[in-house]
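The two complexes that follow have subunit A in common; it is paired with subunit B in the first and with subunit C in the second.
Now for the complex of A and B:
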């Protein structure tokens, strides 16, 4: 499974935009239909999809889609290594 | 009596009750009221040793936690004044958040910020650090070995509740110990709260409804206080209902959108596993109340034993501590159908009860936008009578003349729990705090059979998930986005199936579709980063298209028609 692609799919599905409209350099807060609830749903679905746990304080530091993809890939790698 | 003295009385009763914090479905931490009293005293001693003085404003930057309660009562036991701050926003700029809370802290002359290890690591380096403007302290590391509880007069301030923080002029409601205790007592009386109450809440504690309604009220009545962080509720609202079910909770509160969210996310298969028969008061406030949602929620959760008579549509605001009017207990929600046309002109013309078919989209009307198409009547919900030691009047006109019989008027409040000043003093009070103690709410209401019905509002706020966002704050942020002509942006409420949303209309001279799409994205980004909510709709208009007064000032009146026209053009 390509982590970066899967993360984009989760975001696209949650905010209801075509996955082709998303790219790593976009800021979450510039995307349409983003609110606190949808952001939490993205986090929740990502955690479930990869069986990882994303700490709260990390989410306060992330701003772009690419930063989130990188974080998920890193957590997924750590989990696989554990 | 001070708030600390009130906690001491509860602690002395030895009920074994206290605050229980849940993360997900499991209990993460628990403190009894006598432990809380002791720990607050130790934190107070630690604050006093660090030079905190009586009356000094101390900020609280903490998530929903037992530490929050320790910090709150600790600040009070030191004779200081608590200033709760909102947490950072996920996937948004931390810098912008810190700049925003720093504005409020500067206005309140805050020096010390109480936080915990996790949040402290995040905000500490920027706000505190060597030579920093603020000192960020970890609650767990600040407590002294011995406790000290300073006695203060109940006339002294206890809490500064910020209702707006993004603009250069944050609005902080200053509430005295007497104000807060009067409201806690009034809520207790209206609901018949006893030690046997089990309160269960996910509402944020930096906001009046969570702080006063769901922490102070149960705690100072010696009742069990169950807390769930708001993010846990948002991830799965079933957690809130499972807590109520398992712990036989009797009192729980949410804004209209919270009930709607819970209803949508908890499927019938999960409802059957719940027992909500212990839930005797389900308060609904802080937002426009949709009577149809109340009926649907009641039907959805009826298999779990939820009683429709538990629903209590209530009215309140931070300027009145929290609660202003409550309906009587144990009766079905009372509603009133009125004709929409005359209502728009402030005239109340009741009509017989309507069926859903000719009533259009239901009762939630916000800011005059999305009035529900061709429907001719609107259903309003009674929020009952003023709570103890509180007066409500409806005024029409700038001179405070009473609104006549059958007329809509601005709701004004006066009483033991009502603030006497904003933190900024005279400049902020003007037009809101009147000489005889009456305070303008910016809400519009009518009286029918002696009960209050909220119709709309004159204040320019957008309410999303129970929280108020000032249109002027949003406009000042959006107006600075490059590509917006003459800083001309108006922010307004939008009625959506999920409740109230934010709509922006911005003027621009750009015509290139790609440039316009980028501008829309920049507007979303700027507002969402600074304010924490994303516009549901961003409309670009040509220069000069926004309604203006004769002197050229933008005016919100008429923006609804512009949005509607845009909607039709887009179809």
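Now for the complex of A and C:
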């Protein structure tokens, strides 16, 4: 599974935009249709897809789509190694 | 002793659960139904449960989700359980006077514990979500560790674990 691509798919599906419209350097809060509810949905769907747990402070710490992809990839790697 | 701490004289039901007992005057009085692989409840709360004006207190939201997860755990095997961990995440405020649905289902289980996940929804909008871990209070657990609990509680748990009490 390509983690970065899957994360983009989850975000695209949740905010209802084509995945091709998303890129790693985009700021989360600047994406269309994003509000706190959709951010939570993205986090929950990502946790389920990768069987990981994402800390609550991520919504404050993570600025861009790329940072979120990197975090998920690291958590997924840690889970696979455990 | 406040009225809410007494047994229901009409049903003689010893449960006075803040979440689900139907006679508790200050309780949430949630009613649950089977819903796909889980269980759900629909409800509307008033200003008695507010934090900010028009907004349900976040602790009440957590209580609703804890109760919903616990009901899913109990109804899946008719074994009582204690919450040992609960993680709640909030997506938007829950408002007074508006109907919501809380739903939960089991995600993992072994012989000792169960994990469950749940959501609080307004229509299709996600208001809050929770994951919880529940310690199963099987007859073996009650026998081995019941001496650490009030005897009245152990009796109530044993009663709840009997198949004849399904649906309560």
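Basically, the second predicted complex is superposed on the first by the 82 of 82 C-alpha atoms of A that agree within 3 Å, B and C clash if a C-alpha of one lies under 4 Å from a C-alpha of the other, contacts with A are read in each partner's own complex, and residues count from 1 in each chain.
Basically, a residue touches a chain if its C-beta (ideal position, glycine included) is under 8 Å from a C-beta of that chain, and two chains touch if they have at least 3 such contacts.
From a predicted model like this one, the values you see are computed outputs, not experimental measurements.
After superposition onto subunit A, the modelled positions of subunit B and subunit C overlap sterically. Of the two partner chains, subunit B is the only one that A:68 touches; subunit C does not reach it. Judged by the touch definition given at the top, the superposed model places A:56 against both subunit B and subunit C.
The partner of subunit A that touches more of its residues, comparing subunit B with subunit C, is B. By the touch criterion stated above, A:8 is placed in contact with neither subunit B nor subunit C.
Of the two partner chains placed by the overlay, subunit B and subunit C both lie in contact with A:40.
By the touch criterion defined above, A:31 lies against subunit B but remains apart from subunit C after alignment on the C-alpha atoms of chain A.
Of 110-118, 146-154, 272-280 or 524-532, the segment of subunit B whose C-alpha atoms clash with subunit C in the superposed model is 272-280. When the two complexes are superposed on chain A, the residues of subunit A that touch both subunit B and subunit C are 35-37, 39-41, 43-44, 56.
For subunit C in complex with subunit A, the touching residues are 89-92, 125-127, 129. Those residues of subunit B whose C-beta lies close enough to touch subunit A in the complex are 63, 88-94, 118-119, 121-122, 231, 234-236, 261, 464-465, 521-522, 524-525, 528-529, 532-534, 536. Chain contact summary for the complex, subunit A toward subunit B: residues 27-37, 39-41, 43-44, 56-57, 59-63, 68. Subunit A makes touch with subunit C in their complex at residues 35-37, 39-41, 43-44, 56.
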